[in-house]
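Same chain, two partners: chain A is paired with chain B first, then with chain C.
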Partner chain A sequence: MPIAGQVAIIGSASTPFGVLHDRGYLELLGEAARGAIADAGVTQERVEAAWLGTAEPGVAALLGDAGTAVTEAIAFAPKPVTRVSTFCCTGMEAVRAAAMAIAAGEHELVLAVGAEKMRDVSPRGSLVARTANLTHPTLAKGRSAPGQFALLANRYLQVYGHELADLAAVAVKNHEHAQRNPLAHFRTPVTVEQVLAAPRVAEPLGVLDCTPTTDGAAAVILASVDWAREHADDYAVIEAISLAVVDGYYAGFFHGEPDYLGFRVTREAAARAYAAAAIESPREQLDVVECHDCFTITELVNYEDLGLCGRGEGVELLRSGATTAGGDVPVNLSGGLQACGHPVGATGVRMIKEIADQVIGRAGERQVGGARRGLAHTLGGPGVASCVAIIGAPR
Partner chain B sequence: MSAWLFDAGVTIGRRRVPDRHRRRAVANFDEDVVTLAADAAASALEQAPAPPEVVILASLSLPYAEGGSAQLLVELLRLPSETVVMELGATLRDGLLAVRLADGQLAAGAQRVLVVGAHRARAEERDGGDGAVALLLGRDGGLARLTPGVAHAEELRDRWRLPGDPALRIADPSFADVYGAARVARLMAPRREGADAAQAVVSCPAPAAAARAERDLGGTGDTLVARTGVLGAAHPLLRLLDSLEQPTLLLAASGGLGESLLCEPEAAASALAARARDAVAGGDEVDAVATVVAGVDFHPYQSAPRAWRERGQDLRLEGLRFGDRVHYPPPAVPPPGHEHESGVAVALARTGTVLTQTRDHVFPGAPVTQMVVLDLDDGARFYAQVAAGEELEIGDRARLVPRRLHDGGSDSGTNFIQYFWKASQCR
Partner chain C sequence: MPIAGQVAIIGSASTPFGVLHDRGYLELLGEAARGAIADAGVTQERVEAAWLGTAEPGVAALLGDAGTAVTEAIAFAPKPVTRVSTFCCTGMEAVRAAAMAIAAGEHELVLAVGAEKMRDVSPRGSLVARTANLTHPTLAKGRSAPGQFALLANRYLQVYGHELADLAAVAVKNHEHAQRNPLAHFRTPVTVEQVLAAPRVAEPLGVLDCTPTTDGAAAVILASVDWAREHADDYAVIEAISLAVVDGYYAGFFHGEPDYLGFRVTREAAARAYAAAAIESPREQLDVVECHDCFTITELVNYEDLGLCGRGEGVELLRSGATTAGGDVPVNLSGGLQACGHPVGATGVRMIKEIADQVIGRAGERQVGGARRGLAHTLGGPGVASCVAIIGAPR
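Moving on to the complex of A and B:
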């Protein structure tokens, strides 16, 4: 059977996101996994298989290089564990892979967990150093993650005539939201002036335009909707989950197709997810959205690529207040990657937990009244992979 | 038998740094003898009807002490792989020795020979400058006839370097002046066969000594050196171009080794002289070498087999054309609509327009690394660093230039130099 409408999220958990010097990779992974199992109200013995999302084991002593990390962290032997890795879509892809196992009828209960330990080294020693040192010796040499998205920012501002303050407004909104998320890396509000005055990272993006480098883990337990209906107190339904991949890693930098004003891959993933969930008007049919705001510019183009507004209209949508708490389609009420941070493998799982909590009605101070359906979105690599999940309340 | 000069290219380090009595031409940190030579050679070959069969590179600062550097020129210039390459690296006079060797190759049947002299001055070369000169030589009918003259060899050390020496050893200047290279030039000059009417031009590592020797021989002195410094093996070739308005006896000496060359220009050769002087006259004035951005120091993963496999597409800057569109890097499989085609290997356009850019402050090495996305004139797209010391904005026209990307390699067995293409302002 297909995943859409047939797979339920029956439990979830997340560690705090932040610079967690007192906890190692295995502790984070274990804390999230055990938390999700407890939240589901099942015993670990009943969980039959697991999928692990870790994108950068190279910065954590190769822990998470294979699914065996789950086996070690929660004493899961001899059950099957598979590691997946799809750049920044890694966590959501772990959920998608686990959901396929439920949809296929292979397992009754499965675990999807994402974990990343990035801050045992400095931020520059983390992804920046890996990007510089371990990628192709010549192609795209000089690239960093912020530099990649800064290319969009400069072109977006130039083509549409917007200003840096329009980018900064995204950071202001998401940091404001994060004050109501006790698990966020940063919970301090920022002003446009502070964002603009922050040191530049990759022009025009400054430090406060960028997601921080963060440790964290998140997990969900999946079952069939039939199982959930019979056994679970609360659950959410995966109405659709779609992964799109449009190119290779280095090819993505060079191929002539991108217009540097958005990401085709998000539009592809969203189109498939919307078709599966029978969504024709995203802005009207979605109550809440978590999207991949790794940099401020990314959230603006995500609005457009996810169909919340037309192309080139992202700034207007933000200015309208529609995506702010209390708006008609609030985006990143968790604080997003801007304030939660981005432990790469964990992020997609955290987002799905956030939307599941919203439609279950247990999102605390962030709760959107009457939320019945939400969207989670991740974007990976040089804009070559994207995952879009539609999570709804049971019908 | 004489060689004929058909065309030439000159590349001088962009920065002009004052040092005592002259300005030294200093290239940026991402340039070396290979990139300077490639740039000059590309200009020399621009109008060539066919590629040269022989490339002779003369330099005292070759990037590879052993293992060869000239093969990189063959790749960067997209020359046939059967090109004969030679390297000379003993002393400054090797610029003229390269012409002697070229003359021999032409006499043996070659149609065209590319001679390149290039130099990247070491820190201790206070009179040294950075630059390259390329000459395209052929048989009869060019712009100037070049006839090798007498040579000289004796044990007379004015500058040298032993294996493992981090720096050049330079003899006392008074010795170099009286007994060194200038003396060799004076010894050779009287033996100027058939060159009595020619003006004498002397090149040697010590500019003051060279000037005195040249004046002793009736010459006017080196006016270029005050604007560039001594360009090593490229220097006598630059002086050759500068003197294309009249017959000249070129003398070059260092280390007890001397070469002479008689240059008899046609009237049309004066355009080449003007081009060379333009190249010397340009440049950006800076106060000190310290303002030149420091080099990149990081340790990327690389391997010799990978580099070898990909040379065709990176150093030669080749893409695959399917239909009316060029793809770079060449796609692993044909693009949609061309499933049954294998594509045609083509050289990428070297010029394009900046689609977008960023100045990256976190990429390690340089304080700021500017990256650009170029829409090339043939429809391909290129993502590249901007050449050191330059800046580009959206909408600017740009060209791709070979540059030294990094020397990294955490494995000591593979820390070879990586060259690639950067974006540079269209001048």
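Moving on to the complex of A and C:
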């Protein structure tokens, strides 16, 4: 059977996200994995296989370079563990791969876990320094992520006649939301003035337009919906999970995106997910969204690329309050990457946990009343890979 | 449906393996992928998704760090491409993941491709120097692969009372086989005397006991057996494909293997594959084997761990001629890693292609008359991950 509608999330857990120099990669991974297993109400013995999402094993002494990190963290031998990496979509890819195994009937219960230590500094320097030294195709040319997304921001503001304050409003919203997320990296609200006054990273993006650099791990346990119906107290259903990949990573940022105003790859991934989940009007049919706000500008174009509004209408949607807590399609109630941070392998798993918690009705102070279906979205590469997951309540 | 017996290999291709400084990573990857698509007799448009196996993207400017390498190499956008990495099992893991998608019914036709440029030297030095510099858990302590397998070799020779010439006989056999493999890195036969006289790498292993360092790529196209039955001219069936992972990578080589005489992880992977494929007597039920002869000693213990003979009987099996061309269970007719080399991501895919070609009956000068079922095996980590695939002719 294909994944759509047949695979259930029966347990999930996340470590706190933050600067966790006092906790190792294996420790974080283990906490998330064991937490998800406990949350599912099963014993570890019953979990038959695992998928690991870690994007940058080189930072933490090659930990996460292969699935054996899971084996060691939770004493999982000799069960199979597969490591996947897809830039910033890495975590959601771990969930997608694990869901494939459930859909195939290869396993009854599986673990998907994402973990990343972003703050560690290896003997060869920081993450960015190290990858640049490795002749990273964009970083080695001085094209950092903020620098590349700054191109998008400048172009977007210029074409649509918006102001820096419109970008800042995204950071304000997501930091406000994060006050209700005990696991977020930053839980202090910020004002438009603070965002605008923050040190510039790459014009027009300042520090508070950017996701922080963060450590963390998150995990989910998957089973078939048939299994969940019989055995699980509560669960969420993966109505769709899609990956799209386009070219441009080696050719250069925005290759094939000549208008510099959005990301084809998100539109492709969303189209596939919406088709699988029979979603025709995302704004009406989604109750809650987690999207990849690596920079403030990214959230605005994500609104458009995900079809929550038309092209060029992102700022208008934000201003309407629709995407703020209490709005009709709240986005990044967790605080998003802006406030949670972005431990790459963990992010997509965290998002899926967040949406699953919403449709199960256990999202605490962040709960959207009556949430039945939500979306989680990651964008990686930058701009060359995107995962979109639609998570719903059981029918 | 689970994978076993339901997924078919309908096309395959491999680049020549060798020192390919004149050919880039994307070029090799593209040649293998396009070759497999052409061999399957389908158009690229019909291939819906891909899996990429590359273990060491840092050597080639991070090429292969995510699936977008496939996207760029063959203009595959916007289709999903997932990268997996599992040490030396990376290539076979790509096939396993792709098979999962077919078994799930997520896709009709998919590509699994493995590629590795091992000979490139990055600005930070060679592969080994670079990973050691990254605080690799074993290399950084001076424990190179030859050094670690030398421990196994010394112990094996001592316990069972064998000679260096018994190790050398593996290299002699596989180099002899490789004369009939036009894609092998080395096709010149070697003598026991040459193997014994070769420069020592790590006592008791000399240069000719070790797999060379090699570039290359290989690919397969998968479909359901139902699809293959209707549409394919010829195909092979994945009767089983399993991964086992045990701990020890971070804890240290041979953790949990106190006898230093074999690899539990291969035994675990084989047990799973044999159960799925209903194999009770591997020696009798397998017509041909490709196993992970990264060092001469490895092939001998693989015989034992794969159940082709009892523990401690590897040398006897080799001496009997059973594993030599013309024997009843020929091993590494391709030349194995000894003579083909070991471009990590490509190796497992190449092996699966080799066994598929055998059961289809198109293995050229290497063909085993009447071959109906074979096994491919990789060992990674070292000693912490193993993949075993059973490939059979259609029933």
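Brief remarks on what is shown
Note that in this section the second predicted complex is superposed on the first by the 376 of 395 C-alpha atoms of A that agree within 3 Å, B and C clash if a C-alpha of one lies under 4 Å from a C-alpha of the other, contacts with A are read in each partner's own complex, and residues count from 1 in each chain.
What we mean here is this: a residue touches a chain if its C-beta (ideal position, glycine included) is under 8 Å from a C-beta of that chain, and two chains touch if they have at least 3 such contacts.
On a predicted model such as this, the values are computed, not experimentally measured, just so you know.
When the shared chain is aligned, chain C comes close enough to touch A:E268, but chain B does not. Contacts of A:Y260 after superposition: chain B is touched, whereas chain C is not reached. Once the two complexes are laid over each other on the shared chain, residue contacts for A:G147 go to chain B alone; chain C is not touched.
Once the two complexes are overlaid on the shared chain, A:Q194 sits clear of chain B and of chain C alike. Legend: residue contacts after superposition of the two complexes on their common chain; A:Q367 is shown touching neither chain B nor chain C. In the superposition on chain A, contact of A:Q158 is made with chain B only, not with chain C.
In the superposition on chain A, contact of A:E203 is made with chain B only, not with chain C. On chain A, the patch touched by chain B and the patch touched by chain C overlap at residues 124, 133-135, 137, 140, 248, 250-251, 256. By the touch criterion given at the top, residues 124, 128-129, 132-135, 137-144, 146-147, 150-155, 158, 199-205, 248, 250-251, 253-256, 260 of chain A touch chain B in their complex.
Residue ranges of chain B in contact with chain A, taken from their complex: 298-302, 306-307, 310, 314, 325, 327-329, 331-332, 355-365, 369, 371, 373, 375, 379-385, 394, 405-406, 408, 410, 418, 420. Residue ranges of chain C in contact with chain A, taken from their complex: 1-3, 26, 58, 61-63, 65-72, 75-87, 93, 96-97, 100-101, 103-106, 122-124, 130-131, 133-137, 140, 242-251, 256, 264-265, 268-269, 380-381, 384-385.
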